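Letters A, B, C, D and E mark the chains as written, and numbering starts fresh at 1 in each.
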Amino acid sequence: MAIQALSLRFGGVAALTRVSLEIRRGEILAVIGPNGAGKTSLLNSISGLYRPQEGSIRFFPAPDDEEGVELTRRRPDEIARLGIARTFQNIELFRHMTVLDNLLLGRHIHMRANVLTGGIWWGLAQREEIEHRAVVEEIIDFLEIEPIRRQPVGTLSYGLQKRVELGRALALEPQILLLDEPMAGMNVEEKEDMARFILDINEERGVTVVLIEHDMGVVMDISDRVAVLDFGSKIADGSPQEIRSHPDVIRAYLGQEHA
Amino acid sequence: MDLFIQLTVSGLTNGAVYALAALGFVLIYKSSDVINFAQGELLLVGAYVTFFFVAQAGLAWPVGVLLALAVAVVLGVAVERTVLRPLIGEPIISVIMVTIGLASVLRALVTAIWGPVPRSFPAFIPRDEVLILGAVVSADRLWAIALSILMLALFSLFFRLSNEGIAMRAVADDQQAAMSMGISIRRIFALAWSIAAVTATIGGMLLANIIGVGGNIAGLGLRVFPAVILGGLDSIPGAVIGGVVIGLLEAWTGGYIGQGLNQIVPFIVLTLVLMVRPYGLFGQEIIERV
Amino acid sequence: PAPQPASPDQGAQAPAQEAMAGEPIKIGAIFDLTGPTSDVGTPYAEGIQGYVQWLNEKGGVSGRPIELLFQDYGYKVDVAEQLYSQFVNEGIVAFQGWGTGDTEALRGRIAADEIPFMSASYSAVLGNPEEAPYNFLVGTTYSDQMLIALRWALEDWAAKGNAGAPKVAVLHHDSPFGRSPVPDGEAFAQANGMAFTAIAMPRGATDLTPELTQAREFGANYIVIQNVSSPAALLLKDRQRLGMDDVQVICLNWCADEILVNLAEGAAEGVVGTLPFAPPTEDVPGLQAPRDFLAAQGQDLNEIGLHYGQGWWTMAVMVEGGIQRTLEAGMELTGPNIKASLEGLQGFDTGGVTAPISYSEEDHRGNRSLRIFQVQDGQWKAITDYIDAE
Amino acid sequence: MLVLNNIEVIYNDVILVLKGMSLQVPEGQIVALLGANGAGKSTTLKAISGLLGPEDGEVTDGTIEFQGERIHGLDPAEIVRRGVFQVMEGRRVFEHLTVEENLRAGAYTRRDRGNVPEDIRGVYRLFPRLEERRGQTAGYLSGGEQQMLAIGRALMARPRLMLLDEPSLGLAPLLVQEIFRTIRQINREQGTAILLVEQNARAALRIADYAYVMENGRIVLEGTPQELQENADVREFYLGLTQVGQRKSYREVKHYRRRKRWLS
Amino acid sequence: MESGIFFESYRQDLTLRRTPAQKIRLALVLAFVLVFPFFADNYYLTLANQIGIAAIGAIGLNILTGFTGQISLGQGGFMAVGAYTAGLLATRWGLPILVTIPLACLTTAAVGAVFGIPSLRLKGLYLAIATLAAQEIILWVVTHWEAVTGGTDALVVPPATLFGLKLGGRGADFRWYWVILAFAIFTTLFAANLFRSRVGRALVAIRDHDIAAEVMGVNLFRYKLLAFATSSFFVGLAGALTAHYRTIVTWERFTIETSISYLAMIIIGGLGSVSGSIYGAAFITLLPAVLNNLGRAFRDVIPGIAGLIPQIQLGVFGGVIILFLIKEPEGIAKLWKDVKDYFRLWPFSY
């Protein structure tokens, strides 16, 4: 995916100014930056929730696809169908639905029952539910959330919700997974779990991952590349090691402690 | 041209009556997110209570009106105590439903006490005709304009500047978080309902002055819904301007087209306006950040 | 089915009659005591109940008391249906409805159940047995009221020394109830060279200036109102404010009552009305019984108003014109028999409260004439003799 | 100052979440409460501040005392008035209010209205970013900005005991340091006692005077930060240190790990 | 006591009724429903039929409001579309009900979808106004378009026949019972099925969080329109059944009051619950009936207050709604679930 000179403003606030960024197939890219730097806005632009005023986001679904698809004028659901899934900073699950239903919704684009077949149930809809249920159960196994399958997600603790949200995104079988602070609010143990999930998703399922995260330990350890935003502009971009010692990054973001 | 002026003036002034009725709606919504389906019944109670003090008990009207306003405050507090308090933190839609129940209770009370037959209202609000640009209007409508402007100013300042006003908006945003600020939801609800009942009493008085005290005052509760939405559910200036715009639309369609189309033209215009401005003319956007 | 009054084997039924003696006759009724029309529904209901009580105190019908099964239905159509079927179940032989909504909704059902039905909805269609075989009207239909009003307007116009024909605007409730007399009125106006227009009054309006200015633009000399009292009173006040005093207002029956006079305050002076039922201020013999009955309970008919007599006499027509005549003819008290008895009713005298009531197999309109009344000094006074709609 | 004695909390009349939870916060100290996701930390805080009601939760057993008086069962507003203020998890700012109005909402229970403007300036000094956005609708702030606002709002109440639920959540490293410095500063300068729920165990233990670890609705471990830092489980699961005190790499997480000792 | 339920296959796991207790309950209810009309008189049959129709309408409304989260104040209007379409088709062209009813449903679905267009932009109560507009506009058309609606005061529908069997006349309530029951069961099953499959899930997701649903690939606009259409389809069914069952269509049955009382049904029954819609329909239909009977009983017992009984009934009606919601804000469905949960775990609560 190639992002070029993307600019996004809200009234007077410039959330993004001419940000260009490349997301390479199969990598884990971390996006870091101070609070309010525009990281979430960047993800929102990719998934079609924000309409940037300028710039382009080109997505290349297949390796040999030179042309690519322009995302900036597309609806979020179209973008999802292209294979781009995400999680949210503040957990945006369907609170009154069970974990299972949340994950099954992730399968939405892969299913085809309509009102009629759904209402009639016997036949297509039932077969389909069973089929996709199997896929979802696999994800449930993978994320180790078997015991809470049938709980409404609204009553789960924060950490579990984060996991369910990851599961929902996975259920979409995306090519690119956008994660907005997936480990916020977790203790080290849980972060380790999460890190392992992300690595597995990346390595075993071959999913490209874009990750916003403030825990530098995590960022340094699992990402292949890091991009840094500050005040809506990209100030650096490179391997974790390069970024760690980048003076602008230290000044704007890390502080001395992490240097 | 004469016709146009007459229609415009009468639409404007009638709109002010709508505005007064709409204000209570907005106040309750603004402080608790609740659509009050009993707003019309609050108007009704207000009108009858004033009627009681001024016409039946024979008090001088300033005293009667003050007493009626006091009753409104008591009513607001009573509603909070009996109905809203147990529902704090429950789904808003349940609270909305409860206002439907409340409407029945209030209507029953009023007919039980005052009977079903409408009566004329003591004429302490002047009803003489006044000429404006050659158009005739009744003085009570001018009162409606004055009062709605006054309340507009009063409540706008209240919500912007006073701590209680800010607390009310906070409660509407997030009850639990507001509780954690030490804001007493009960107090805020009682306050909101009292204020709404007070405006309803004022609106009810004016309305009774125009159409008499009777059950159909309550009908205005839902009729002002378009005005409220057009202005923006949570906007006080919106309620006033929405009321006026709807009043004008009704007057023009009534005068030029007729056919009872004035019942639906406001809705059509309103829907079109909303397609351009989904939160009404002045309503605040629902914030959806992810 | 053809009515069979006085069947030859009357004697055979006599023992059955004996056995029934003293057995109450059940009649169902629904009232609007809490709904939107409760202002007029309440006195009407009291009139019906008053009549039943009065009759029972007198010994009932042929020695049998009337048992009135009644409930408030708050003008809710589905509640009306519930109560209707409940009462039918409990053995009613006739039914008193109330408004347009329930009368229309039950129309098909009462025909199937063969339950004679009266109500305070006076749409002409209900007087047509082909459309509504079991509905009977006591009040003059809205259409006939309209014709009478226009007839009077023509005369009045000429009497005031005007040439030609007046212009008439009908301001009506925005519903089928309101519009029901409009087509007949329009036809009459056309036939008589009167300019005619119909203007809808929006429901729940708080300002009728737009409608009035429309009427003024049209140049109306007469305004006929087919609506209930509260909006009509608002219209009168707005009319006065707009200086349209020279336009004569005629109220059809649902706004021609004491409520209008009270609500409109001075603005109702001079308004005329088509009143199918005489108001209490009118000293007719037919109101003496209700007046005395109420007085015995410490109440005053004049206070309660004309809808009391309306309810009273509607019930009286059903009981005396239908049930009593059925029993007297020695027939079994069934819906078809009551219907047949009613259809044989000729010139039933209501003591001057209404024009005499007659029904036939082809026509369930009780009468087609009434007197015009006018508000003078805050009271409805008859100003004409009976005017016929034909 | 604050004493929780054996409290039990039940949600929806059926889900038992706290099972005999006890802890103490002495006057003027910072106490850290650590624990896994779903252990019941937030529930504990809500039980103290009386905010369980809207979530259908209920304290069914045990006592909560603040300065020697039972506070459980009191109206939340009353609890705030007595000086206990919770900063809720997940930055519950009032979205439709401006930044400044949010701060004023925080001062709702204050009686000394005169000092409020000065305190607002104080918050702006602490978080200059908020001052830039003072007139902006809070709902449009970035996550981190909202977090600053939530803490600033708490300061406005000048509480005696502040309950902080994961204050560093979603903050950039620089700001995390900043926030913890601020917490300590508030504690030292104003004498505010603090009960701190935090996942960033390292930072929390650095400023705390005492710490508890909870798991599954009860306290499983407590002690001074030094004591806890020496506990092998805490080192591994909360601090992410290897046996030799090196930070583990997230890349090398083993798929099967040692069970915690306290989960027998 | 059940200690947990285990399933061998996902198919089993996906059935609507899982436990033996649920199956027994269902069988009991079915048995009752089948036997009831043979013992009930017309009054109870009327009530049952009203409940049946209301349940269909309430399920329809719940699809839109409870499951998809779009508050609708247009129920009365949409029912009117169904009723008038069915009525007109039957009167004008003498079509049989097996034709008029589906056509009425489809027409209502189409009208519903048109009025759903503002949902592209509007949300929450602002959208509610679009449905209120639907209510007012439809009723205006119905009462003014005399060329179509006939110009008489009400539209009289000829008594229906089904498979050569006359449904009208005496005993109509009994015969209609079966027709309404069949449609009610169809509606219930359809809705229940819908919400355990893809489309229903997407609708619920939209209610819970529309942005998240969109990002997961749900086309919001299409699904909102779909919700409007599906909901209106069943609301139209309720209207069409009313038309044929009562053999007369009058606008006064479809006012805003109707819309509000249907809202009451689904809120009291349980938003987003199919069975809740049925409970709510029963509750709101039976409450006035019960109060009327109480009123009649008390009128004779305490004659002193006879005059106030109607007002008391009205007040109690409101009071019961309030009390009920205070006790159980999430409706009868939740109450019933709690009762079941309690007995499942009983006597070992917690």
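The working rule: a contact is a pair of C-beta atoms (placed from the backbone, for glycine too) under 8 Å apart; a residue touches a chain by one contact, two chains touch by 3 or more.
Note that the coordinates shown come from a computational prediction; the quantities given were computed from them, not determined experimentally.
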| item | value |
| --- | --- |
| Reference chain E; chain at largest CA-centroid distance | D |
| Chain pair showing more contacts of the two, B-C and B-D | B-C |
| Most distant chain from chain A, judged by the mean position of its C-alpha atoms | C |
| Length of the line joining the C-alpha centres of chain C and chain D, rounded to whole Å | 74 |
| Inter-centroid spacing, chain E versus chain A (mean Cα positions, whole Å) | 41 |
| Centre-of-Cα separation between chain D and chain A, whole angstrom | 28 |
| Euclidean distance of C-alpha centroids - chain D vs chain E, Å | 47 |
| Contacts with two or more other chains, residues of chain D listed in rising order | 140 |
| Of all residues in chain B, the ones touching two or more other chains | 107-108, 111, 259-260, 263, 290 |
| Chain E residues counted as touching two or more neighbouring chains | 211-212, 215, 311, 313-314 |
| Complex interface listing, chain D residues touching chain A | 11, 15, 34-39, 42, 89-90, 129, 136, 140-145, 147-148, 166, 169-177, 199, 201, 236-240, 247-251, 253, 255, 257 |
| Footprint of chain D on chain B - complex, ascending | 88-89, 163, 166-167, 169-170, 172-184, 186-187, 284, 287, 289 |
| Chain E residues within the chain B interface of the complex | 71, 118, 121-126, 128-130, 132-133, 136-137, 140, 144, 211-212, 215, 256, 260, 263-264, 267-268, 271, 308, 311-315, 317-322, 325-326, 329-330 |
| Interface residues, chain C side, partner chain B - complex | 33-34, 36, 38-39, 41-43, 174, 199-207, 209-211, 213-214, 217, 229-231, 233-234, 237, 241-243, 259, 262-265 |
| Residues on chain B engaged by chain E in the complex (per definition of touch) | 35, 37, 83, 86-87, 90-91, 93-94, 96-98, 100-109, 111-112, 222, 225-226, 229, 233, 259-261, 263-264, 267-268, 270-271, 274-275, 278-280, 283, 286, 288, 290 |
